[in-house]
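Let me give you the structure first, and then I'll get to my questions.
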Amino acid sequence: MKRIEAVIKPFRLEDVKDALADIGITGMTVSEVKGYGRQKGHSELYRGAEYVVDFLPKLKMEMIVDDDQVDQVIETVVAAARTGKIGDGKIFISDIEKIVRIRTGETDSEAI
Amino acid sequence: MAEADFSYIIDTFFTLFAMTLIIFMVPGFAMLEAGLVRTKNVTAVLTVNTMIYAVASMAFFLVGYDLAFGSWENSSMSMWAAFLFQMAFVGKTINIMSGGVSERVRLIPLTIFAVIMGALIYPTIVNISWGADMLDGTMFDINMYDLAGSTVIHSTGGWALLAAILIMGSRKGRYVNGKIRVIPASNIPLVVLGAFLLWIGWFGFNGGSVGSIASKENADAVALTIMNTNTAGLAGAIIAGILMFIRYRLLDITMILNGALGGLVAVTAGPDLYDIHTPILIGAIGGTLVVFAVPLFDRLRLDDPVGALSVHLVNGIWGTLAVGIFAANPAEGITFMGQLKGVLVVFGIVFPVSFIVLYLINKLIRFRAEDDAQLEGMDVNECGVEAYPEFKRAI
Amino acid sequence: MAEADFSYIIDTFFTLFAMTLIIFMVPGFAMLEAGLVRTKNVTAVLTVNTMIYAVASMAFFLVGYDLAFGSWENSSMSMWAAFLFQMAFVGKTINIMSGGVSERVRLIPLTIFAVIMGALIYPTIVNISWGADMLDGTMFDINMYDLAGSTVIHSTGGWALLAAILIMGSRKGRYVNGKIRVIPASNIPLVVLGAFLLWIGWFGFNGGSVGSIASKENADAVALTIMNTNTAGLAGAIIAGILMFIRYRLLDITMILNGALGGLVAVTAGPDLYDIHTPILIGAIGGTLVVFAVPLFDRLRLDDPVGALSVHLVNGIWGTLAVGIFAANPAEGITFMGQLKGVLVVFGIVFPVSFIVLYLINKLIRFRAEDDAQLEGMDVNECGVEAYPEFKRAI
Amino acid sequence: MAEADFSYIIDTFFTLFAMTLIIFMVPGFAMLEAGLVRTKNVTAVLTVNTMIYAVASMAFFLVGYDLAFGSWENSSMSMWAAFLFQMAFVGKTINIMSGGVSERVRLIPLTIFAVIMGALIYPTIVNISWGADMLDGTMFDINMYDLAGSTVIHSTGGWALLAAILIMGSRKGRYVNGKIRVIPASNIPLVVLGAFLLWIGWFGFNGGSVGSIASKENADAVALTIMNTNTAGLAGAIIAGILMFIRYRLLDITMILNGALGGLVAVTAGPDLYDIHTPILIGAIGGTLVVFAVPLFDRLRLDDPVGALSVHLVNGIWGTLAVGIFAANPAEGITFMGQLKGVLVVFGIVFPVSFIVLYLINKLIRFRAEDDAQLEGMDVNECGVEAYPEFKRAI
Amino acid sequence: MKRIEAVIKPFRLEDVKDALADIGITGMTVSEVKGYGRQKGHSELYRGAEYVVDFLPKLKMEMIVDDDQVDQVIETVVAAARTGKIGDGKIFISDIEKIVRIRTGETDSEAI
Amino acid sequence: MKRIEAVIKPFRLEDVKDALADIGITGMTVSEVKGYGRQKGHSELYRGAEYVVDFLPKLKMEMIVDDDQVDQVIETVVAAARTGKIGDGKIFISDIEKIVRIRTGETDSEAI
């Protein structure tokens, strides 16, 4: 099983979620993060003093999926999250060794 | 002591008291709207509210007051108190309009409009209704009874808002593929705080509009006015709560408060004319109108994040007509047709004029923020100040 | 001008002023309680505060006021002002009770109770203490001196709360395996804002209760009342701060504010009777009582998220007895025993009646939300509106 | 009714009204400062504001009032009302100072200083300017016109703050390697709410300082005072907005509000003396001064998280001198040199005395929290109560 | 070493933490997340308009442990987090290659 | 490619970010977390009742980097985040199989 993490622009969340639900993804976990990257930040003010904010609000979505779903999920996320402008975010894939569903004790593919 | 002196002193004091309550509506509107919009637009909304108070009051001071009343003279109370009371009203009209175009309006063109509204448009309406009356003798002369401005303030703001929404369009992402996306309020305590500051401000708004407390009759009129004002607010809240519960088995506080405000707007035209039970009916109808108008405007794709059209425009009209229904008194010139004429004349002036002014400003500086700016939020793009910036404990 | 007219006008104005200050206690209680509960219950608490103001005031208007005073007639000020002042009190009594059952109480049965309290229970207490006095001539007739309601308002609310806690039980997860789990306040700025709005409201509450400002004596009495009120609040805050610092080397603001409110409740029965130094003692004892009562009620497993029992019930009793101790004046009928009798008679009526009414309502619609609903939060389950819903920037 | 009675009653009532508005400045300062500091220091700031109100008022009551005025006697209004009005001012002076040392000051030594300030330092300044005048006949006797305290309140607080900053140093992490790190406000709605509560409070502050409303002339003076006060605030806000927009193309609300407050401070010395247009200039200069003073103090490494030096000290001086410029009236003893002398004498007393007192307290208990405590936040270290503790929904 | 991540219902946090402390787990890192899964969301209102909230509040706990502790930790979390109702959450296990304790520079098992 | 996660004291964020930027790290994702560890919590009060808060505020930084950068990043984070006091935090290294840049579709090293 694989963990697919996607750091995306926050306002794409609904679209990405819907697109994933359409291809049969039934679970995901989302967190609020701040991203630092090529997308440059902006200046903000405080009582007339300027400062640069270079951590921008992003959302991180995490989906644990079976190996054979990985490519489809990546494609779906890319399609739904892309705006074409810098800062659209990244997808990271890593390995998951085991899954347990707390409620039933089921494991691995059954627990996804 | 001469009775005239007594009356002058007491009414100056009373008017300052009423004015102070109205000024509480400045933070009132600010908190209400700051709570209703998304966090990324909170500072912008607060800045709008602050700038409106500043520039519209100044414009009214330098230009509008003369236009409205012709002269500063006042023998019944201190002329400065009389001015302050009138000045306290101006910002409200514009707040009504600014609230309804939140989350997409840019601040500089809005500030320009606030100046024109405070210097010219609103004073013109005051002139023909409460003031020097330049239409006197013409076929457009209006005789509407409108104690504290169901039409003069609330509908005026509402018509300007309607024009503004037509020009600016809806918020990015609000109506997508024929669907309405709900954009919930971000901070309910601020909404409640704001609504109650408005409610309390209304006591000064309507009570002060009686104009004097310096005789037994006037003292009664003021107290009755405040009582009826409050009663209509109570009724509006209760009916909205009941309707929400019937429909959803849930008590949606944002609608309950809008219901209360609807009731308050509705009673504003004639709180001194009704017996103590009529406001229950007027407020309840006001609250009901809000409950039905909010989704209606959404179906018409008139995107109004704070419900200002439903609260202020619809109930401004309803409240003015209600005087003609429940307190018609042809002997004193209060008739349903007179009220209706007032509503129509004000519409006939404010809507087209606002539309043209907004249209022209819009040619110079676009009112509507770019889609990208809307996505990022007005705070960062217009103010450079985020409302809740903290990356917790990072510094 | 006739002196009677002068007095009528001034007292109408003054009463409207006092009433307005009391209405600031509506957002005051709302903010205080919204800050003290967990975020998942904030909207529910705000909705409760709003609905209580709406329905209890309406019930008092339509039924309760007649029951309390027998008639609306008033020759000393506008009858509408007199009504508004009394109406402003009603909600407070119920707020005291609703605050203490926060985070588990369901809204509809609570609203029903608010109607009954506003229409019947509270007006009955007013009747026998400040009003028409139906017990006059019976052995239960009370003669307690209670200027602004240490007993009539605060203990009444407190007894109703005690009954309510007994019926509803504690919040899910509060007392587990014999241990008390601390559930901290979620938003301290709201707590402080709310407490100060209450404090300011108290000036109207107590000052207005003097009933007239229209003579030199009365002007002095009003000013002394407000001064003593404030002093007791100061003393309550200071003592609570000192006790906290001694015990924990930390200044717990939630306790300091509860101490202040305790002092304010304690002085409420007789602020016009004391010299200017006595309130320091009364308020300091009031603050001390709060500091000790809060953990005591917890040990008794009476789960009161906002400390209302300690602030309002304990100090309502203390304040009423304090009049008998520090301002006994048998010539004018003020005695310790008279005060004690008043406390007991009010207990004897309010507690059982509230208990029975709550018990019966509870049979119809359970007051206490299910455990699962409590875990998820009252906001989602009772209102459908989260207080701070935003998944930051997701839309 | 005798005119004296009328006047006594009305002025008692009016003074209570003005005092109530000033007390709204307690939550006003509290909200403003709570919004301006980082979340980890919010409870501490709120606790400071609460304790200052409590202890400084009590100290003024028990000691300071006698020192300032010599006697409680008052024939023009209730002596209790006169006291309350003066008492309402005390906390403000200390708030000015406490706000500017936020985020590093420890609570106990600050509380001790508040006692000394409320009991001795501030009353001494009142004594020589508005009160018994112990310097009368000496070469230091001052004749400055300072209606509501541009110098007596605002500069006094400002000088004490300057001394405090010199003793306590800047916040950990504020100036690092020669660079200024910006530490933004954590909650803008609270800032706006606080600023408007202050603004409204100013109506009572300045209006009430006229001292009487009980004649036509006084009624006019009060109304003019409030009008001019408001106008200067409007002008300060507008100019700050314009300057921000020119420089950054953004509307920085924190600066706009500071501009408004600067204008309000500046007009405070003579709002009753100006015609209605002069306050536009005075307020605009006030707002401009704030815009330039804020970065200046930062360059001087005087770390003032809320901008109190710029708002209160700079504009306190400017406002006092402005009277000498725009309202000089040698016949009545108002001259530029007299104003300047007043400014200097007050500086000459308050700054060294505060410095010495602060220095001595600092020897006993260090004012400045340890670096580690500052990093963790004052809330946890001084109060034990976090402002927004919730690990969302964890309980 | 393994990373054990548990997405749980927020109100179970204290119990899970205590249970883990009892079996000798000395470190964990927790974050607030929103979960999408089988547990269906609820409707909310805003000015009389209904909408569905399908991201529910959850907490994610992260424990890095030695390989031989994995099974015990899983059992402990399952036991302490289970309510038996849908939405109890999942446990994901993955591999950690290296650990460093910032304060001391210790690595791997010594740094846990 | 590796994922380097660092749980640090919040006020070290700016320094760590600057240090990482100096060695050429161009992307990172940060989230607010609460940490439980050896650093003991403190007591807090609520209306005179004391309770122990043992989850302390921390920040989690996540950098996905090429294998050859791992050691340098670790050193840099350790140097910049260390205060020498308990609770400085930990660094966890794990494997990442694939990266995709949403905007361009680039993968792996090119997408970092």
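The letters A, B, C, D, E and F name the chains in turn, as written, and every chain counts its residues from 1.
Here, a residue touches a chain if its C-beta (ideal position, glycine included) is under 8 Å from a C-beta of that chain, and two chains touch if they have at least 3 such contacts.
Note that the structure is predicted; figures quoted are calculated from it, not measured.
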item	value
Smallest number of contact steps required from chain C to reach chain F	1
Neighbouring chains common to chain A and chain C, by label	B, D, E, F
Centre distance in Å when chain C and chain D are each reduced to the mean of their C-alpha atoms	33
Inter-chain centre distance, chain A versus chain B - centres from mean C-alpha coordinates, in Å	43
Distance between chain centroids, defined by C-alpha means - chain B, chain E (Å)	49
Multi-partner residues of chain B (at least 2 other chains)	1, 6, 10, 13, 17, 173, 181, 183-185, 187, 193, 248, 250, 252, 254, 383-386, 389, 391-393, 395
Residues of chain A engaged with two or more neighbouring chains	11, 30-32, 34, 43-46, 50, 55, 85, 94-95
Contact footprint of chain E on chain F as seen in their complex	2, 6-8, 31-38, 54-55, 58, 60, 74, 77-78, 81-95
Chain D to chain F touching residues, read off their complex	173, 372, 375, 380, 383-386, 389, 391
Contact set on chain F toward chain C in their complex	43-51
Sites on chain C touched by chain D in the complex	1, 3, 6, 10, 13-14, 17, 21, 38-40, 173, 181, 183-189, 192-193, 196-197, 199-200, 203, 207, 213-216, 218-220, 222-224, 226-227, 230-231, 234-235, 237-238, 241, 245, 248, 250-254, 256-257, 260, 276, 280, 377
Contacting residues of chain C [partner chain B, same complex]	1, 5-6, 8-10, 12-13, 16-17, 20, 23-24, 26-27, 30-31, 34-35, 42-43, 46-47, 49-51, 53-55, 57-58, 61, 77-81, 83-84, 87, 107-108, 187, 190, 193, 382-390, 392-393, 395
